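Before we start, here is the structure in question, set down as structure tokens.
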Amino acid sequence: MARRAGRHFLQIPGPTNVPDRVLRAIDFPTIDHRGPEFGVLGKDVLAGMKRVFKSTQGEVVIYPASGTGAWEAALVNTLSTGDRVLMYETGHFATLWQKMAAKLGLEVEFIAADWRRGADPEAIENRLRADADKRIKAVGVVHNETSTGVVSRIADVRRAIDAAGHPALLMVDTISSLASMDYRHDEWGVDVTVAGSQKGLMLPPGLSFNCISPKALAAAKSARLPRSYWAWDEMIANGKTGYFPYTPATNLLYGLAEALKMLDEEGLDAVFARHQRHAEATRRAVRGWGLEVFALEPREYSASLTGVLMPAGHDADRVRKVILEAFDLSLGTGLTKLGGKMFRIGHLGDFNDLTLMGTLAGVEMGLELAGVPVKKDGVQAAMQYLSECAKAPARRAA
Amino acid sequence: MARRAGRHFLQIPGPTNVPDRVLRAIDFPTIDHRGPEFGVLGKDVLAGMKRVFKSTQGEVVIYPASGTGAWEAALVNTLSTGDRVLMYETGHFATLWQKMAAKLGLEVEFIAADWRRGADPEAIENRLRADADKRIKAVGVVHNETSTGVVSRIADVRRAIDAAGHPALLMVDTISSLASMDYRHDEWGVDVTVAGSQKGLMLPPGLSFNCISPKALAAAKSARLPRSYWAWDEMIANGKTGYFPYTPATNLLYGLAEALKMLDEEGLDAVFARHQRHAEATRRAVRGWGLEVFALEPREYSASLTGVLMPAGHDADRVRKVILEAFDLSLGTGLTKLGGKMFRIGHLGDFNDLTLMGTLAGVEMGLELAGVPVKKDGVQAAMQYLSECAKAPARRAA
Amino acid sequence: MARRAGRHFLQIPGPTNVPDRVLRAIDFPTIDHRGPEFGVLGKDVLAGMKRVFKSTQGEVVIYPASGTGAWEAALVNTLSTGDRVLMYETGHFATLWQKMAAKLGLEVEFIAADWRRGADPEAIENRLRADADKRIKAVGVVHNETSTGVVSRIADVRRAIDAAGHPALLMVDTISSLASMDYRHDEWGVDVTVAGSQKGLMLPPGLSFNCISPKALAAAKSARLPRSYWAWDEMIANGKTGYFPYTPATNLLYGLAEALKMLDEEGLDAVFARHQRHAEATRRAVRGWGLEVFALEPREYSASLTGVLMPAGHDADRVRKVILEAFDLSLGTGLTKLGGKMFRIGHLGDFNDLTLMGTLAGVEMGLELAGVPVKKDGVQAAMQYLSECAKAPARRAA
Amino acid sequence: MARRAGRHFLQIPGPTNVPDRVLRAIDFPTIDHRGPEFGVLGKDVLAGMKRVFKSTQGEVVIYPASGTGAWEAALVNTLSTGDRVLMYETGHFATLWQKMAAKLGLEVEFIAADWRRGADPEAIENRLRADADKRIKAVGVVHNETSTGVVSRIADVRRAIDAAGHPALLMVDTISSLASMDYRHDEWGVDVTVAGSQKGLMLPPGLSFNCISPKALAAAKSARLPRSYWAWDEMIANGKTGYFPYTPATNLLYGLAEALKMLDEEGLDAVFARHQRHAEATRRAVRGWGLEVFALEPREYSASLTGVLMPAGHDADRVRKVILEAFDLSLGTGLTKLGGKMFRIGHLGDFNDLTLMGTLAGVEMGLELAGVPVKKDGVQAAMQYLSECAKAPARRAA
């Protein structure tokens, strides 16, 4: 195969473009994970992750595993076989998570819903109110559905649980939102937050996280699902001194330390504002093409990816293939029931205005190339918006 | 802290010194794990790992996890709550593995034994013969005890199981032996082999492996331990096309592809011979110091690490600290009941004669510096042996 | 200073964006430049460079120096103090080269000319015809003026020299054209070609090259300018075995080996076609903005950079500053007499359609942001052209 | 060729082992050498180099060139065709430098001498006294002869020049001593110091340096040798703001910034003490083998390399070949008249006790393997010395 010149555009909604500083950091020799140098690193990354979970007072554990592992950890640490969990169908990943819960021997109630909307706090409240004998032990919601680009309003879900006076734990998947979109573990009353390294944290995949409230920790004491690799107790106990109960993914932790430094340098609020800007520019582009953003409600728009609906009769995956071949740009596919019907543009992680413009240009040209009848006003609309942002003093401050 | 000049000597028994080619490989941008390029990579590393498991006809799965995860995978895929497993106390890691089995809800029989010897096939045979109603579902043995440097003879364990006419699965931990010492998954009739990336495979930690026999696969069909992340079925199904059911640790897989290439370039037999040479040189050094190799039986000597017993009254950990501070050399500690009584020299992975000599010189000088009464003939004895090897035509061929 | 997210757009006309493969290659340990491994590398890169000079039969030397050094080498190896050289004012770099010639003690005739056009073969022919006693020893022309984006037609210059029946050597600077635009050392009868690493060769700066005809080699025998570092004789003699008379820039040579491999993989003709495509797209963008391409003659358009004239009253350097600050995009400045009047867009090296589109979007938004009255049709025009190219079978073949 | 396991031992007297931090630093994308970020880098490395020249008040220039270029720069900036220079034959590199001077059109007086001793200040004084009409314009001495491991006492040479009341400039080559051995540009009254990147500075080759006294700067005003690439004036003028008159070797400058940081972290005095320690350990090893250190006078021993004389009838290059093949260790060859008669052990740059021990073990085993009749007490003697150093408080302070 002939070499492709220039840099690949990896605009799937994660893994994201890993910045050079992070790649170079993971390219250092592995050290003794029981030696003094490692303890300093371990404490540093744990403290940094607490800042990212919005200065949580809870506990953070870091797994040598991808995000799917952190899903499993959230469940097996807090629940017992046969426990009932309430999950909400926001999309493909919510569906996978509830399937995992079922596989692990939990009894799952899955609130079926329209993938174009986030979790409905009212529906959750109603269900919990109906659960008179409190059989539901946990509520699981995906903050930012990576399969759709729809956000669930976690603070409102918390309020719904409280309004129902229900003791269920609140578990939230932030795999494609953490460090890209505002997320507040403590303030929003989340009990277990699940996160991964390969999106807003700008790392390669291979690390995942649980952020754990005192209530979840207490639940872990009586939870009976078998667990060892994922067990919080030894992770937390070892973490106090910066170490791990078993061999950690040392080189990825080097990268995490660097990524956390970069987030500090940019400032989390600036990071969030940047993602918002790119998301809005992308939506304007989508409308400029005469296409539809998959998310229906503005307050549920994702800042980290945008789902784009195809006109009827046009296969999204063919478009993606054309774009990959013609312009070396990877986009996200439509998953399961959305197969062929949509594609997803990732605009999260280490990303900037001009890389977004290259991406949108690739999509605009690719849609044409694939024979999809679109207007060619997308790139123009995005530029218009980014120009306005560039003029505003707020952005200059950032 | 003042900078230390030169290269750290990482001579713990893993993680090992990751070669530059592997580090540079993991320093490439992460790609789309659903794209065409990834499928090529995935198939390549799976095929390569099968070669390393000595051209197995079985299945191989690769986890984004450290070796501990692959331990768990071996158990949860093949067993059900309350199943009985027979494990053999060869040292700290065998002890940890059986603890894990207990945590996961298995009933563990642990054959207590002297850590200075490998698993005794006869004892296993006897126990299995006594298990008239075949309640024991699996036998778990550590091939190379990382905590002691003692090898268990897996082929003999297999013969023992067969002699007992017992249907139990044979599970073997090769975390610190694979790609350093001769190991034959199919020929030795192993059902599940457990391995990790950070030792003989010369990678950073973060990947682990199961190699699976048809019999183990069949057992997985009826095994009832809850499992999702570790479940073989989807891993194997996806692996046929080079993909993974969830996000893999892409950058570590780049490293794995490079490491497998390097193993091919050197040749597995040459790799094993090299490890044997370094182990023998190390043992001669130990005897040259007037100290004792922890392993008692020559046929059970490890080729990847050597445990060294301290004279009574001398704390091994103080020696390790002195050596780390004076010579920037990390050695393995004595674990649990061996704490302070021994230290371990790792001589596995990407390693050569002169780095071994630097290591042994560091130990010899450090023992003196720490006031341990030793003879100063260790380095000399090791050089003598390496010189002889260098003269022999066999080595030149390698 | 707050961290800037995403990747910097380095669209000056060199140094260019160094691809990861090349960066990683230079990140390997330095080897003994007198050892056997080095000889293999040395021969490899010399052979590869000969291919890049279009399979030259001449000699190639590689200097541990930037391009300026290779200018000096061309002069000091072939000329003697007081020798007359004829140079042609195509822009800033032609001017610098003739200044260097003067500093080195040569008598320079510099044909003053309009920077918006390439060297005029007729003017050169006329001057040479007038040089009845053949005092002019060399003619020096810049193939692709990096300061303007104007190309000189070297084959025509050669014909002009021949038509005048003049024995002067022909020296050509290809610093910003080699490996980006078609260039033929032997076929075009060039005597000394000067090149650098940091443009089409996709390397960091620090290596430079002379490609030398037999006639130039013969001239070197009688040339009397003092020389040692730049002396061809020892370089060529050592090069036969892949070595250097003094310590070479080993790690940059690693990068060169990788870059040459990448050029082979893409194919030089595909590389040239790609540069042509990006240049044409850029010119269409410039016209879409209602601005003027600096180069006047289509047959003299550069494929590696485009000079853009500003409307009167608008400072190009302010625009560049606004663009750098708002969009993290570096553009080339107008040099000396063009200061503030133009900016230059580099589109050479390891580059592709979408990075070009990001670049052009940055320029279009930046022009607006800086208050320059332009039409917003540039990006659209470029996309239109790239889409057409993507549809054409020729491009697919590439 | 089969892959060699483990890390190559590069113990030639330069290029030295480039530390990972430096290699990773040069592996970052090239930036615009005219942009604001570069100016910060440029000023940083120039300031750092002044510290390395022992806080010089003079000027420092950095060339994108190897050390040989900095030799040429020293000459062409200060001298005119036909000027007389006095150089001292300390070895191969002193010989090369004077050859270069002759090639450049200078009239060289070369004081022939025994390569086993450093430059004799008295001989220099006598010659200068005899130069009644002050025809000698410069005295050139190599501080640390890389071909022999013999040091010339520069402070004494300065005193000799002063004692003779002679106005000649003093030029000193510190290519293999700077940042390894104590060197004081200002205090010792040196006019031009010549240095390179690939030895004590721990970088790959490709950068070289001149450190320039006010007197040398004044001489440059009237010096008439043709010069352009090497011309100090523009380099110094541009350097004030951190820039370069032509494209610098940006990525090597990244490495230089990192190397300077590392030298600061270790402390120059600690660096010098470390080199002294390794040199003394090496000499004890040489004597332990019953061989002879090439340098005759203890006060002239090099701290960065040791020349080892072979017993008559044994070819040093065969020994080097045997050692390279058997133990993957590169040693320096005997140059010109020392060919086959000696080999050189480099112990400079980023180096530590155990890598030295690996090196010495390789030499000891290799000598035996090559059939050279030596005693096997070298490694033991070196360990004895290093152990003593490790016990001494002074070293602990370092």
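Chains here go by letter, A, B, C and D, matching the order in which they are written, and residues are numbered from 1 within each.
The working rule: contacts are C-beta pairs under 8 Å (C-beta built on N, C-alpha and C of every residue); 3 or more make two chains touch, one makes a residue touch a chain.
Predicted model only: the values in this text are computed from it and were never measured.
In terms of C-beta pairs in contact, the better-connected of the chain pairs A-C and B-C is A-C. With respect to chain A, maximal separation of chain centres occurs for D (centres as means of Cα atoms). With each centre defined as the average position of its C-alpha atoms, the distance from chain A to chain B rounds to 35 Å. Centroid to centroid, with C-alpha atoms defining each point, chain B and chain C lie 54 Å apart.
Mean C-alpha position of chain A lies 45 Å from that of chain C.
Across the assembly, chain A contributes residues 7, 17, 24, 27-29 that each touch 2 or more other chains. Residues of chain C that touch chain A in their complex: 2-7, 9, 17, 19, 27, 262, 265-267, 270-271, 274, 326-329, 350-359, 361-362, 364-365, 368-369, 376, 379-380, 383, 386-387, 390-391, 398.
Residues of chain C touching chain D in their complex: 7-8, 10, 12, 14-18, 23-24, 26-36, 63-69, 72, 76, 81, 100, 103-105, 196, 198, 204-206, 225-229, 231, 246-252, 324, 330, 333.
Within the complex formed with chain D, the residues of chain A that make contact are 20, 24, 27-29.
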